[in-house]
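I have a structure I would like to understand better, so I am pasting it below and will then ask my questions one at a time.
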């Protein structure tokens, strides 16, 4: 498995896209690529409808800012590489590929060029996912590799599946999204997807309440913003949400389970939660641990 | 009470704002204005902090597209009058006021010019609101009228409080907001704030489910997008959500109250719901009436 | 299928009975008849125990008052045709049949004479029922036709399955039954089985409360009186229960889902509700939308 | 207090009525009478509207069949004394009173004649009721005594408040009413208001289930039929409902508290339940202890 | 089946053990013994690990104090026979067996000597248990009989399965255990496992409350102390818990089902409850029927 | 306040007792002592009933093993100082006091001798307790100081209220108690009162499940054993319960809020929980985060 490859592609209508996908090495020049139903998937489906392969380049060994940007999904027209430039406070230097019409970061240690073939699918998986349990096998599209470039003594960067780097890259981009959503219903101070929740399933949110009931509305907003979230805890802004003991202290001393708990049964949950039910449905809980 | 006055103001930073406010006639040249904590309120607070009055113009007797645009609240930098131009497919003709530096639609039947005074508040209310019950009295800012212009035989347009026109202008702008939010979690076909729910408290949403549990997630997304919503019903997209009998049919034949009902107690609700509790807290219900 | 045939029969002990049954045409002189466990079923079982066929006559093309009366089930000794007389304010003219000892309304457009055979059952169904979904197939008794009379240019009256006429004839007779039951626990003003609930699954009841808690007791009484009812809404008597928007308004403004909702899981529901579970068990909900 | 007096009255429209009321002796010839809103109350209100007193006779020392009949309330036109005749299998012998136009049972040990005065009310209470706690004091109508007849060495029959005789006379007439109601939704075998529930608050009902969910529907029907009932247990008909240990055995071995329990909060309960809340609202529970 | 045999065994570490087990007669000299995972089972497993049979003696026809003591399980080091001595206020006279090194009460009518064989299991059951339903069949260890002694005209004592003697011997030893546990959280007056609950599944506990909430804590403590308990009722100490009608009276008049009921789903229940679910999981209920 | 004083006393019947109490310095020779209803309280009440003061000695500046032992409460006859000897693996050296007949550890830095006076109470408090909020003021007994001994340059040991040392001394002795209780219902591996729960309100318990439902029974047993516990989480024994992130991981991936959550309303909680209700009632929650 290649786990840290940033896949770059282009679309006439939506521009450039950069995103991270796990890539299963099937043979010397064939990779299976896991495509969730997000931007690159849409690029690929569009190409497939036209009966064409989708050209891509896979860059490995990059600055964390680029990895983080590629992990971010905002809107289909959004160019993730420009976010990387902003984060690094300087323009990102790009170079042309050799067999595909795509630019890749100049600093890449390794670049794999190729195309995702239309109308072809093969088994991809099993893969150890962020919850430390195996994701199911799925029929996924295939990349035919057309060229490989690398630096001398190239450093191969591997993301340890279910390791902290893996979790951070998945979870961190959700936090501003949740922040923005909760901000619409009350004053939010900060958002944290916790380590214990695999940076994905559990969130803690500090708010400064404006009116009674704000804790509950913050729960609703957070669950709406990050649909994979299973449990969320709302605390006052005097609580340091990055110290899980402080968060637990708020639950111990400001929360009453009959009034301050929201239970939503049978919602769509994360496929990464091994305890979820049929069709990955789950029960979501929200804890309003603000002072009343 | 003046109920259909579009209040236009300007701010150096955020540009022009147009919004509808109920205006209580206190004396020949004094109006009380009900300011919710939205754009115009911020313009006013900014002026007040600088110790200055805020110049405004009140236009009465306008094309419905202008009224609708003024009812819309998107972001503080958004110029509602440009939305009116779009809706009418032609540029909106504006004319200068006489005593304030503000432009108003040329077609206005009546224009009242004036300024909202800093540091002054008087009792405003009671007012019959969309639920047909009286809103409470509040201390609100005061407009000092500096000039009145009107056409010959000007038509005075009054919005009947709690009438359908009133409800539509309040509710309609929420529908695209809810649409957008639910679209993020599943395929939404349409959104309707129902007449029986005063175009404000009740929503019906048609979706085309992608996976099990989508109905629940649509409930969460909708409640997050429109925090005043109290009850929301999710139906499949074969149901005509604008025919309440069809919606009721879906609840009768596709919904089971033990599994398909979401109950969220003690959330912040609408101040317009006379059944809400302390601090306008309310119990929100979501009905997933999609086929399972 | 013959859908509007009023089946008339006689029993020495219980007198005349008139009731509507769907009749599946199996061959030139054979009909399958759907018999629920009500009066005619008991007449038939009694005859079958004696090893005899039960004589019947089927009248088609009748005054709505006769149809309505036949749809009514009160007690086994009750003569539905006398109710028709009362409703029309004049005695109903009857004529003798030719091959069976039964009288039928003189005004009938078509009369089918025959007998329900003992110890014979054949498959009946599938039939599109009032919820617009198909009822299951069942083994049902068989009518052997002995004679058919009709007017010249007889009008054949068909009830459209799942149409409004069908629903009205089923639901309307339940309303006085519910009225009477709720009257025993509080002051009831009116009862309506709603169109959206297929005139069968949903009820709305207006009451004038005498004491706190009456809304809940009205819910219990209504569910007891009409065991097929799935959801029932109780409103104050200032609400027009025949305007579903007004009823929805009461739910929006006078109801709180934590206190005013009754949930009864695993009750016997209607076989017509496609969402019901094993053995047609269902979750019943009662909404107390009266002012508190 | 006179606790076993059968009060007999007449009304031109509705005929004779006999009912038991507690009577507080206020002075030598004045009694306060507790009138619930039932038949005698309506006779009295009708007389009061006409400005007239209502003549009554109070018979004490009677055959249990007469007491039981007087405890029964069916419809306003129902003559309770004729029920007594049926129960005793012989016509009840009656004699004329001396100062009022009313007949009383010849066998009465004591007869008090008098009239309930219009527009007069005095405090009645406190009285120890069937739950062994005191009923509240109320303003009640007054009887002016006009004559007293008694046998030589008359036996004065007193009902011990909250004693078993008191409870039986209150509870027993409810049982056939509950029987009839449950019979409408399933096959009922027997009904018992238990001693532990003061023959008033708790019921046990044996049914022979026809279909799944019948236990729940029996709960609903029973609660509707006897609105003072707080807890009801449904068992199969192999359980002897008059042996509370057998009923408890059914709850121990055929009942699961998550699926077989019905909880109805905030219903109107009995004023005799000291644990009931504001306005005598109560939480009703139904236990479906039938085999599943 | 031998149902009243007290099985006596010895272990070097833990000393003597006496306990009652049902014994299925398989052949002239072979018995199957039902061993729950308690003391004797551990003795046996220890012997089995060493590859040795466990010597035992079965005494039949004993003083009730010995039976009761044998029914008691306290700790593995506890000698049940010494409890019998205490209860009878005199030392229990013992005699040596002939083929095993075990002493048995001198008064025994019949003594069966033998050894439980290692590594052998045969089917045991079905057996009618205290709830009057059949326990499942299980593979259980086997006793090889080595000697039988009996008095002349020995009396054979049989415990009737599911009879009262059977229930008492099972349930009575639990009562002091529950008493002790509840005493730790509040003042307990008495504990009763009721007859209707088969002296096993239902408990009633009288307490003298010290503070609000004690009733709930008593429920928790009781369920913890006797894990087979399914339903428990807490009453004040003015209620005679040995009169089930008085207990029911407390539930009728001091209990409200919304606040005073504890529901614990999916707990491990008794294998003797035929209504329990997969893996004998059950829903436990606690009723706090103390005055509030 | 003196916060680390070990108070030593003697009783003829129950022997020596050592326990930690907070001591409020009222004047030069007067201390108020907070006596919960435990051993020393009983010694004092016994003395008070006899009209005598209770002699005590307060030792400050001790080995942690002595502090820990004094924090432990097992049974009234248990000598805490002998536990200290065991923990330190050598006999604890004691010396006689001068004005009271009590021995204190020889190593004490400071010893205060005195007597608790009968029939005297003064205000004690407010005191910052382990949850970081103030405990209420109470009328408490008074110590009259009769002598003070100290080492040269004595070290005064202060426990910081609500600090970790304070919490550990309170919570740690509860853990073996909970361990023992849960062991009775399933296999327990370890018990931890968490830091975030102030070592008092929250517990985590690792078990090795024997049968389905064990997680729920472990919840019940734990809540019974430590009645101040508010929330408890049960995990499998592969989870390190001393790493709160691992515990959270178990909740994220092995727990479903509809089936695995126990909610007990209105129980007696800890007076130290500022969110508790009237009479310190609280809602207790149990999370069964074991694999199912």
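First chain written, first letter: the chains are A, B, C, D, E and F, and each begins at residue 1.
As a working rule, a residue touches a chain if its C-beta (ideal position, glycine included) is under 8 Å from a C-beta of that chain, and two chains touch if they have at least 3 such contacts.
Keep in mind that what you see is a predicted model, and the values were worked out from it rather than measured.
In summary, no chain was found to touch both chain A and chain B.
Between chain B and chain D, the least number of touch steps comes to 2. In terms of their C-alpha centroids, the spacing between chain D and chain E amounts to 46 Å.
Distance between chain centres (mean CA atoms), chain B to chain C: 46 Å. Rounded to a whole number, the gap between the C-alpha centres of chain A and chain C is 57 angstrom.
Centre-to-centre, using mean CA coordinates, chain C is 35 Å away from chain D. Shown for chain F are the residues in touch with two or more other chains, namely 259, 265, 282, 284.
Chain contacts here close into one cycle, and each chain has exactly two touching partners. The cyclic arrangement of chains, taken from chain D and going next to chain E, is D, E, F, A, B, C.
Against chain F, the residues of chain E that register as touching in their complex are 181, 184-185, 211-214, 216-217, 219-221, 223-225, 227, 259-260, 262, 264-269, 278-282, 284, 288. In the complex of the two chains, the chain A residues touching chain F come out as 131-133, 194-198, 201-202, 230-231, 244-249, 251-259, 261, 263, 265, 273-277, 282-285, 292.
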